[in-house]
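Each structure below appears as structure tokens.
After this come two complexes, each holding chain A, first together with chain B and then together with chain C.
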Partner chain A sequence: MATSSRYAFTWRLPMLIWQAAFFVVPLVFMAAISFWLVKNYRMEPDFILKNWSKMLGRGFFWDAYWITLWRASLAALVISLIAFPASYSLAYKVSESVRRWAVFFLIVPFFTSYLVRAYAWQVILAENGVVNAVLGQVGLGPFTMLNTGFGAMIGYLTLTLPLVIVLQTFSLSGVDRNQIEAAWNLGCSPLRTIVQVIVPSARVGLIIGAVFCFILTFGDFVSPFYLGGSKPPTLSILIIDTTKSGQQWPRAAVVALIMIATLFCTAFAAVSAAYRKRTR
Partner chain B sequence: MDNPLVSFTGVSKRFGQVWAVKSLDLSITRGEFVALMGPSGCGKTTTLRMLAGLEEPTEGTISIGGRVMNGVAAHERDTPMVWQSLALFPFLNVRENVEFGLKMRGVAKEERTSRAKEWLDRLGMSDFGDRGIEQLSGGQKQRVALARSLVTEPEMLLLDEPLSALDAHLVIRMQGVLSSLQRELGITFVYVTHSQSEAFSMADRVVIMGDGEIAQIGPPREIYRRPATRFVAEFVGRNNIFEGEARGNSLHSPLGTLPLPVTAFGPAVMAVAADRVSANRDRPGEGPSVKGRFLSEEFSGTSILCYFEGSDGSTIKAQVDEEALDLLAPSHGEVFWISWSTDAAHLVGS
Partner chain C sequence: MSHQSAKNVSRRTLLKTAGASGVVLAAPMLNRAWAADPVEINMLAWYGHAEPDIVEEFEAQNNVKFVPKYYAGGDNMLALMAQSPPGTYDIILSDAEFVQQLNAAGYIQELDPADYPFDDFFPEFQKFPGHWIGDQLWSVMVRYGLLGVSFNTDVITHDEAMSYNVFWDSRLTGKVGHFDWHLPNLGQMSLLNGNDNPSPFDIDGAAWEAVQEKTLSLKPQVGGYFDYGGTFSSLKTGEMHAVCGIGDWITGVLQKDGAPVDSVIPEEGGIQWTESYSVGIGTEKGEIAKKFIQYMLSPAGQVRSIQMAAYPGLSPTKSGWAAIQEANPDEAKRSGLIEGAANDPIRLKREGRIHYRDIPRQQSLEDWNDFWSEYKNA
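Coming up: the complex of A and B.
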């Protein structure tokens, strides 16, 4: 018993060291910084609550918080819904080899930097960009898409859609085919089977996909900045602004800690909802 | 048979280049317990799935109650099925699983609950309604799967190897449950299995399939005693196969000249059931006899199957009881006379 647990501990050790060195220690350091004092553009170790009260007491912080939370939630929902038909057909309607190629091509976008892809969208979405040029041919537009919430959403799609489709495809592929057929067999139409059987069966994977989308978009800086026009600012833009204006690293740390706390709660709630057993 | 519940007419099914089922003709009467039996890949499951609308026939027509079912989707048919894996919904509790079919048919909540309760009671599962599927034993899951399929009171129940995942002692019990349910309800059971004991103990008629075709249809006893083809004789098992040339009323085989029950000429295959064969040490018994060297014995339930090797290397099986085995006390390599009466022999088509 003692030997086996020591053995297990040895294998767990690299992960523990990694998590301690690159997650726990910086987090503790950041928490400490949030109580430090900035004097003449220099940080001094201290224990003051002013950074917290200044940030949490300001309207602009809460405006940024709610817009970030709203956009990330909307992105998680919308992107999950957009991904579902694609994942459904990849999981059920195509052959094994097509599925394998599709998964491969869904990974390909990650070869290039997300920043590059966001820049590419500027060309497409701009006032005199590709989309408006095409729409102009049929007498529509021009529409303002760049520097809007819509633009940011396009960026979020670029960032997370392939990942969400891959996660959903795997979880849908894992659904027992016999259960799907059993539903049809009991008089459930294929469309209704999606709601009655497939979604409940694949719940864990679908929620994990949405959580990933939420996490990535909640902390994203590129899309809201380059495509969303940074007005209103999201929390990540707020962090940049705070550090730029007067070296306010402690206040930026406050924002970052609130973000981490939010992500932590969201991820925890979602994962426990996903794995909730239905036993009464 | 003039008004069958189900009829397959020239039904074929192709998957890619492979014909899983080849021009199948089969009629099933109302209230009949039919077993489709055969080795894996013989097309029995495909046949059942076509009946449920889960596969569309490539050729031919299937009708249920006089209505041609080609092109009718699975969810528009009333052909509930019990899966080998049971395919219960793990995200629903026992009662919700049983209510599922009724819910899909738009039956009101109160009626659903009372009908589900009725079926759970009937199958001895009344205390388990609120349980999760994962909390049930194999036998209990089986009962829930049955209740889920029968709650809509269908005319016909399809079963795809429903007992193959159960422990041996449970299989016997569930066979009893299935047989009595079928008799009480008076509905048609179409039962796919590779297990001879399941098919022969429950079914009114057994359909033996091989390579996508029906090899023989008949009551269990007839298939057992009078296998139509060599394939059936071998598949059903416990048959001794003698191959040779028929010349009038004798078969010239490598084991010697054996009397035939009928007159025939040309290449022929004769089958003798193992339970109609006796083994003697010193002299041949009554009727035709061949010599065989004792190889081994195999215990199965109350009977014992003794294996002998004929002079041409073929295997000869004799079914004996424990008492006879004690008397015989065979040792490996010992030569015995294996005898049967002429009327136990049966000439099969080759």
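Coming up: the complex of A and C.
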């Protein structure tokens, strides 16, 4: 038993070292500097609560917090819904070969810089851009899409949709086909089969996909800044603003810690929901 | 070559040929050994100042190589200085309003005024505020620019742009952009409120309240807050029709690309940004740094500075004006570097319409920055 424990521990060791070196230690350091003082543009170790009271006591922090939370939640919901039909098709309606190629092409966008893709969207969404030019041909528009919440959402889709489709596809592919066939044999309509059989069975993967989407969009800087026009600023933009003026890294650390706490709570709640046993 | 002639190649000829070939082949190595490696000069500056269009001639003439560290904003510059040991940066380009802080922190060394051509400076710039403490010189101005109303000429006329009130025009709803830095934007709002004496940055509590109120009233017009790249693209794509807090340093570059944009100094006045060189404390390359500053103030250096690819600037020297008028008359005309021209910056300065960008004098930078964050969230 002891040998087997040591064996298991040895295999876990790289992950533990990685977590300690790249997550726990930086997190502790960040928590520490949130109490430090900035003097003449230089951080000095201290223990002051002013950074916390200053940030949490300001209306603009909470405005940024709620808009970030709202946008990330909306993105997780909308992108999961948009991804589902594509994932369903890939899982059940195409051959193994097509599915493999489709997954490959879903990964391809990650080969290019997300920032470059966001800049490309500027050209497409601008008032004299591609979309409005096409709509103009049928007498519609021009519509303002860039520097709006819609623009930011397009950026979030660019960032997370391929990932969510891949996660959902793997999850749906793992659903026991016998259950689906049994539902059909018992007279279930296709929609009811999806809602009552497939979605509950693939619940873990679907929730994990949504959680990844939430995490990535909650901390994203590129889309709200370059496609949303910083209007209104999200927490990631607030971090940039805070460090830019006066080099207030301790106050930026406060914002970052609140973001991490929010993501922890969301991830724990989502994972608990994903693995909760079905009651009926 | 015939068999007979090949046989006639003597041993001596062969040795001579081989020796000569050896010398020729080894020449690059010998040259490399004889020539000293270029001296590296560490420069801390805004983007563009150590690019080839500015420094290549000086580098070639003096066998030096600039190693730039680019920053974005005076706070960022001060932080980099604070976090670096003395001697890290040989030469520092800073916005003029931050020179006093560089000096107070002991990051720069005193300069000898006799080394620089102050007689060639326009009188307005000979004793630039903050660069001198009494007769002690700490920094030398090399270029400047003006911030006013920048706009799309297809949407707004020059006459309409002659007041900051144009930002509230109904045609610009959702089309006014902000360069995302509080100092130039709030400085312009302060000017609009009539705070031009002594300075839009030297205002009491009541005036500061009024500036905040005025700025907040602009919010419904605002289409976005942009960094350097975002400001360029939003004006170029026509997404924004007017931008607050910038000037020719952005629209001048876009004009060269044919974009229908321009900048004017409105009746309420404009803000001047100023860039100055200082020599870092602890550097062992003070002499070559001094020589570079002298080069940048020479007519040749000023012509390069005026036409800098990253963002154009104006010349503080009379010989710089003469040089650009000769080297590129169109650019001289475009940027107003012709005495008596409608956009002659010295004339505007003498009319009292130009105010130096500064840090807030009666509030803290934190107060202004906090309000800017509130405004962006409003």
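The rule we apply is simple: the second predicted complex is superposed on the first by the 278 of 280 C-alpha atoms of A that agree within 3 Å, B and C clash if a C-alpha of one lies under 4 Å from a C-alpha of the other, contacts with A are read in each partner's own complex, and residues count from 1 in each chain.
The working rule: contacts are C-beta pairs under 8 Å (C-beta built on N, C-alpha and C of every residue); 3 or more make two chains touch, one makes a residue touch a chain.
Not measured: the values here are computed from a predicted model.
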When chain B and chain C are modelled together on chain A, clash or fit: fit
Chain B, chain C and vertex chain A (Cα centres) - angle in steps of 10°: 150
Contacts of A:G229 with chain B and chain C, given as first, second, both or neither: second
First, second, both or neither for A:G129, with chain B first and chain C second: second
Between chain B and chain C, more extensive residue contact with chain A: C
Which of chain B and chain C A:L146 touches, first, second, both or neither: second
Partner chain(s) touched by A:R203 [first = chain B, second = chain C, both, neither]: first
Partner chain(s) touched by A:D176 [first = chain B, second = chain C, both, neither]: first
Superposition-derived minimum Cα distance between chain C and chain B (Å): 45
Shared contact residues on chain A - chain B and chain C: none
Complex contact set, residues of chain C against chain A: 72-73, 75-76, 78-79, 81-83, 105, 174, 177, 180, 182, 222-227, 230, 233-234, 237-239, 365-366, 369-370, 372-374, 376-377
Chain A-facing residues of chain B, complex: 52-54, 73-76, 78-81, 83, 85, 87-93, 100-101, 104-105, 130-132, 135, 148-149, 152
Chain A residues within the chain B interface of the complex: 176, 178-179, 181-190, 192, 196-197, 200-201, 203, 277-280
Chain A residues touching chain C - in the complex, by the definition given at the top: 40-42, 58-60, 63-64, 119, 122-123, 126-129, 144, 146-147, 225-226, 228-233, 238, 241, 244-247
